[in-house]
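Structures are listed in the sections that come next.
Common to both upcoming complexes is subunit A, partnered first by subunit B, then by subunit C.
What follows is the complex of A and B.
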C-alpha cells in the first residue's frame, strides 16, 4: 500500500507539474521561514560543543540587590568573587560550578616584536573546563593551583594561536596580554559567540587580573554556571542556593544591602529569555509568542496552499470517483489524499529545512549577530543547526501545514457524489 | 433466484427550480448468470438505473437488493466493501487513470480489498490482463493504447476483483464497430464461460440482441 501510495504520489507530481511545483515552492518557503525562526531560538538553547551540557546547566549571569530599609532601591549586575563563592561555591548538589566573567572584555595580544591582535578575553576558574566541553588541540586547561596562585597562564583558541604564533601547536609559548606576559597552557577549537558563556578567544584565571569589584565588594564582574547531575536536581539546587543567599545576607547585613534571587539560577531556556538583570524573564510568555509566530507562519500559507490543493483535487475528481466506485471508502480516500499531500509536504519541508540551513550559513552575520566588545561575528557549524529537536519540529510543522492545507479539500473530495465525480460534474 | 432485484424504484433529481423524475416505479429482477441489456432513448434514465444497481447512487424511494443484500441503510464502508467484492464497472469513457500504467489500473480494485499482499494483487492483475489479451501492454500508459485496448483494460479492471456482477455503461459507445464487436465478444465470454451476471446499457440494437433479455426504458418508465 505504501509502495502504491508513493507510486501514485509520484504519478501525480508528474501529471500536474506546474501546480505541484507551485505547491512545493509554497510549502518549502513556509517551512523555510518557520525554520529560520526556530533556529534563531534553537542556537540559544540547543546543545552543541562546547555547550553540550546545556540541558543540565543553570545560569546566574546577574544578581540583584536591594537596600534593606528601602527595597525600591535596587542594584543589579554581575557579582564579586566573594559573593560567588559564598552563594554558589558551597553548593553540594551540582556536579560542577564554575565562576567566570559574565561578559568578555577586549584584550590586546602580542608576541614581542609583532603586531598586536585584538581579541575577547574571559577570566574563569578551573571548573570552567568541566562545565563546558572544549576540544583541546594542544596542551591542556589550567588547574585549581594555577587559579589559586593567580598564575599568568592562558587557553587560546586556534585562530588566535595562528595569528600570534603562526601555528596551533602553541602550548608553552609566551605572549603579552595588555602588556602583561602570559604562557599558553592550551589551544582549543574556535568557539562561536552563540555559545554564550563559553565564547572567548582567550581564557585566563580570573584571579590573574583585576575584576573591578563594587558596592562593598559584593558586586563585581563574575557570573556562575552550574552543571547539575540531572535536570531533576534543578529545584533542589535552587533551594540550596536560596538557603546560601539567606545565610549570606545575614553576613552582609552591616552593608545595608541584601540579595534577592528573582528565582535564579535560570535554566537554559529561561536564561535565553533574559532581557534585563532587574526583571525575571517570563519564558512561558516567550514560548507563547514563538508558537503564535509559528501559527501565523503556518496558517497564512496553508490557506493559500489549500486553494492549490483543491485545484489539484478538482483535476482528479474523475479518478477519485472511479476509486470510490471500485470500493474505496470515504475514509480510505481521505487517508490517501492526506498521505499523498503529506509526502509532497515532507518533500517541501525537506527543501525548506535545507534552505533554512543554507540561509543560516550564508547570512549568519546578521541573522545571529551579537554585541560583543571586539565585534566578533558569529560563525555557524552544522551541529548547531542540525539538532534532533529542529528536525523534529520541521517534521511537526510539515504535519501541521499538511493538515491545515489538505484537510478541507480532501474532506470535500471524499464527500463528492460518485456519479457526479465520474461524470466530472 | 434473482441476483438483482429492484422494487418500485423512483429517482427524482431536484434543483432549486426544477424537479426531474429520472426513474418512475421501476421493478426489475435479474437472475444470476443472466446477460441483460438496458435500452432506451437518451435521457430516459438508463445510466441512472445502472448507477442505482451499482450502488453508486441511491433511489429516492423503493428498494434495491443485490445478491440478497438490501442496499438501503448500508453504511459507506459496508457499501464500498460490497461494491468491491460483488460489482465490476465498465464505463463508456473507460475512466482509466492516466497517471498510472495498465497494470496499476487493473490492480486498483484489489487495493481496497483486505488481506491481499502486493504480489498477490500483481499476480491477479496479470492474470486478468492475460485473459483480455493485453499482458504485453501492462507497463504502458492508457494514453499509449487504442480505444479498444483501453476498454479491454477497463474490463480487466472490472474483472480483477472477481465480481459476480458486471455493470457496463455503453461499453462500446466510444469504439468503432470492429473494436465494439471484440468487447462484446469478451463480455459474452465472461457471461457464458464464467457465469457472471452482466447488465449493459446500450443504444445498439445488434449488440442488445446478443444478450439474454432487453429492459426498455422510456421517460424513466419501464416499458415492455
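What follows is the complex of A and C.
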C-alpha cells in the first residue's frame, strides 16, 4: 500500500516537474522560516550543556522589595548573601540551589610579567557545579570548604587558559585577577552566552571578593538558580519559597522594607520573557505573538500551495473519474490525494528544516545575539539546534501546512461528477 | 483590451478568487513590513549628533584590599582623584590619543541613564531628561557640535567651569520651543534642586540616545562635573587619531600594568565603541533583519504562487492562444495579455488593501514615527509605503508570469490547433 503510494506520488512528481518544483520550494521555504523562528525561541529554553537541566530549573535572577508603609516605593534587583541564604538556602524540596552573581563583571587577568587581558568574571558557590553540567578538561571545581574559607581559587574556560598559559592543562597554575593572586582549580569547555546564568570566562567563589551590598544589606549582586528533582515540584518549591519570604519579612521588619515575590522563581520559559526586574513577565503574550507569526507563515504559503494543488488536480480529473467509475470510493480517493500531498510536504519540510539549521549556523551572530551583554559573541553548537522537540514541531507544521493547502482541493476533486470528469468538463 | 482582460478574468473566476485572496493578504502584510522598514530607515538616517568612530571606553578599577599590591591609605577621595587625574594625563600624552575625558553615565550606547527634570525660568521639562555629567573634552571625544555650527573645540571651551550646555530640542516636547538660544546665559536648575542654578553657556545639536530610539530620551543637558574629588565619574572615554587607530587596545593593555597602574587605580579593560555599539544595538538590528527576511519570504511566495497558477493556466490555454496567433496577435500581444491579467487582478485588490492599511494605521498598530503630520498615519507615508508594496508585488507578478508566458509565446499555432 505504502509502496504503491510512493510509486504513484513519484510518477505524479515526474509528470509535472515545474508545478512540483514550485510547490516543494514553496513549502520548504515556509517550513524553513517557521523553524528559524522556533529556533530563536528554543535556544532560550531548550536544554544543552551546561544548561542540560533547564526543564528542571527555576530562576530568581532578581528580587523585589517595597516600603511597608508606602508600597509605591520599590526596589528591584539582585540580592545580598544574607537574603539569598534566608529565602533560598533553606529550601528543602529542590535537589540543589546555587547562589551566584546575577551578571558577569569585568575582570583584568594577568600572568605576572606578561601583558594583562580584559575578561568576564562570575562569583559562585559550590552548588553551581551541580546545577550546571560543565565539562571539565582539567582539574576539578572548588568545593564547599573552599567557598566557606573564601579561598582564592578559580575555574577558567579553555580559551582563557590558552590565552594566559598557552595550554589547557592549567590546573594548579597561578594568575592575577584584578591584582589579586588566584590559583586555577579547573579548566572547562567554553560556554556560549546563550547559556545565560552559566556564561562567563572565569568563575571564583563569590566569597573571595567584595560583593557590594545596599539597602540594609538586603540587596546585593547575587541571584539564585534552583534545580528541582522534577518539574512537578515547581509549585511546592514556590509555596515553600513564599513561606520563607514571609518569615524573612518578619525578621527584617525593622528596616521598613518587605520583599514581594512577583510569583518568582520563574521556570525557563517565563524567565526568557523577563524584560525588567520590576515587571512580572507575560510569557503568555510572548507565546501568542509567536503563534500569530507561525499562522502568517503557514497561511500565506498554504493559499499559494492550494492554488497549485488545485491546478494539479484539474489536470488529473480524468484519471480520478476513471477510478471512481471502477468503484473507488470518495473516502479512498480523498485519503490517497491527502497522503500524496503529505508525502510531498514532508519531503519539503525535511529540506526546509535542514536549511534552517544551516542558516542558523551561518548567521548565528545576529540571529541569537542578545543585547546588553558583555561583548562576547554567541556561538552555536549542533546540540542546541537539533532538539527532538524541534524536529517534532517541524513534522507538525508540515502536517498543518499540508492539511490547509490540500484538504479543500482534494475534497473538491473527489466530489466531481464522474461523467463530467471523464468528459473533461 | 481591458474588456478582454475582464472577460478573461471572469472566465477563470474560481482560481482568480484564490489569487485575489492571496494578493490581498500579502498586500496588507507586505505594506505593514514596508512601513516598518520605512520607519526604521528614516529614524536610522537622522543625524546622531555624535561620532563614536575611533573612540574607546577605558574601564578603571581599584586594587582590592586583599591584593599584595594594595597600597594602604590611598583610598581617600583626594588620592583617588589625584591618581585618576595623573592617569588621564598620561593617556593624553600618548601620541595616538586626540582627546580623553571622564564622564558619569554619559557616553552614548549604554543601558544606564542618569537624569530627571530640569528647570529654566518657570519652564520645567517633564518625563525624563538625560543628564550628561562630563569633563569638557567629552565634547571633543564624541565631536559634539553647536547649533550654530560651533566646532567641538569651541563647545568644549564654552562648558569650562561651573556651567551647562543644553540640546536644541530640550523644550521641544513639552513646550514646542524649537530655538533654545534665548535661554543661553540663563540659570538652569538640576533635578530636585531649586536653589543652585548653573549657567547655560550654549546650545548643542540634538545628541541622540542611539540610532533607533525616538522621543524624549534624545534630549539632554551637559553639565561640567567639576573637580574629580567630588564627582563620581564611572567612565573614561578616549578618541584616537584617525591615522593612528591601529591595535590601540593591545598597545594600551600591554602598557597598562607598568604605566597605567597608579596608586590603587588601574586599567581593567579597554573596549572600542564599535563593539559597545554593536552590543547595544544588536536587539534592534536583529529585529530589523527579521522583518527584511519576512519581506523576502513573502515576495518569493507571491512569485512562486503566481508562477504555479499561471503555468497551469497557460498550459490549459494553448488552444486559445493559438487561435489568437492565427488571427494575427503578435507574441508580445500574448505576453501583454497574460501579464496584464495579473496586474489587473492586483489593481483590483489594491484599493481594498489600502482601505485595510489605513484602518490598521488609524488604530495605531503601525510603528510610531516622530514626524510632523502624524505619528502613525500620514498621507505621504501611506502613499509611499503602499506604493512601494504595490511596486514590489507588481514586480513579482511580472516575474512570476513571464516564465510561463514566454513558453506560451513560443507555441506553433498549427501544432496547438491540430486537435480542433
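Going forward, the second predicted complex is superposed on the first by the 421 of 425 C-alpha atoms of A that agree within 3 Å, B and C clash if a C-alpha of one lies under 4 Å from a C-alpha of the other, contacts with A are read in each partner's own complex, and residues count from 1 in each chain.
Please note the rule applied: a contact is a pair of C-beta atoms (placed from the backbone, for glycine too) under 8 Å apart; a residue touches a chain by one contact, two chains touch by 3 or more.
Remember, it's a predicted structure, so these values are computed and weren't measured experimentally.
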First (subunit B), second (subunit C), both or neither touched by A:381:
neither
Let me test your reading of the model: by the given contact rule, A:116 touches which partner, first (subunit B), second (subunit C), both or neither?
second
Determine, for the superposed model, which of the two partners subunit B and subunit C contacts more residues of subunit A.
C
Which partner does A:190 contact after superposing on A: first (subunit B), second (subunit C), both, neither?
neither
Name the contact category of A:314: first (subunit B only), second (subunit C only), both, or neither.
second
Is A:12 contacted by the first partner subunit B, the second partner subunit C, both or neither?
first
Which of the two partners, first being subunit B and second being subunit C, lies in contact with A:322: first, second, both, or neither?
first
Could you tell me if A:242 is touching subunit B, subunit C, both of them or neither one (first, second, both, neither)?
neither
Considering only the touch criterion stated at the top, classify A:133 as touching first (subunit B), second (subunit C), both, or neither.
neither
Going through subunit A, the residues touched by subunit B and also by subunit C turn out to be none
Mind listing the subunit A positions that touch subunit B in their complex?
1, 3-4, 7-8, 11-12, 14-15, 318-319, 321-332, 417-419, 422
Mind listing the subunit C positions that touch subunit A in their complex?
15, 18-19, 21-22, 25-26, 29, 59, 61, 63-64, 66-70, 111, 250, 253-254, 256-257, 261, 266-271, 275-276, 279-286, 289, 293-294, 297-298, 300-302, 304-305, 307-309, 311-313, 316
Residue numbers of subunit B touching subunit A in their complex, please.
51, 54, 56-57, 76-77, 80-81, 83-85, 89, 91, 95, 97-100, 104, 107-109, 111-113, 118, 157, 161
Name, in rising order, each residue of subunit A that touches subunit C in their complex.
18-19, 22-23, 25-26, 29-30, 33, 36, 106-108, 110, 115-119, 152, 178-181, 208-210, 296-297, 299-301, 303-304, 306-308, 310-312, 314-315, 366-367, 369-375
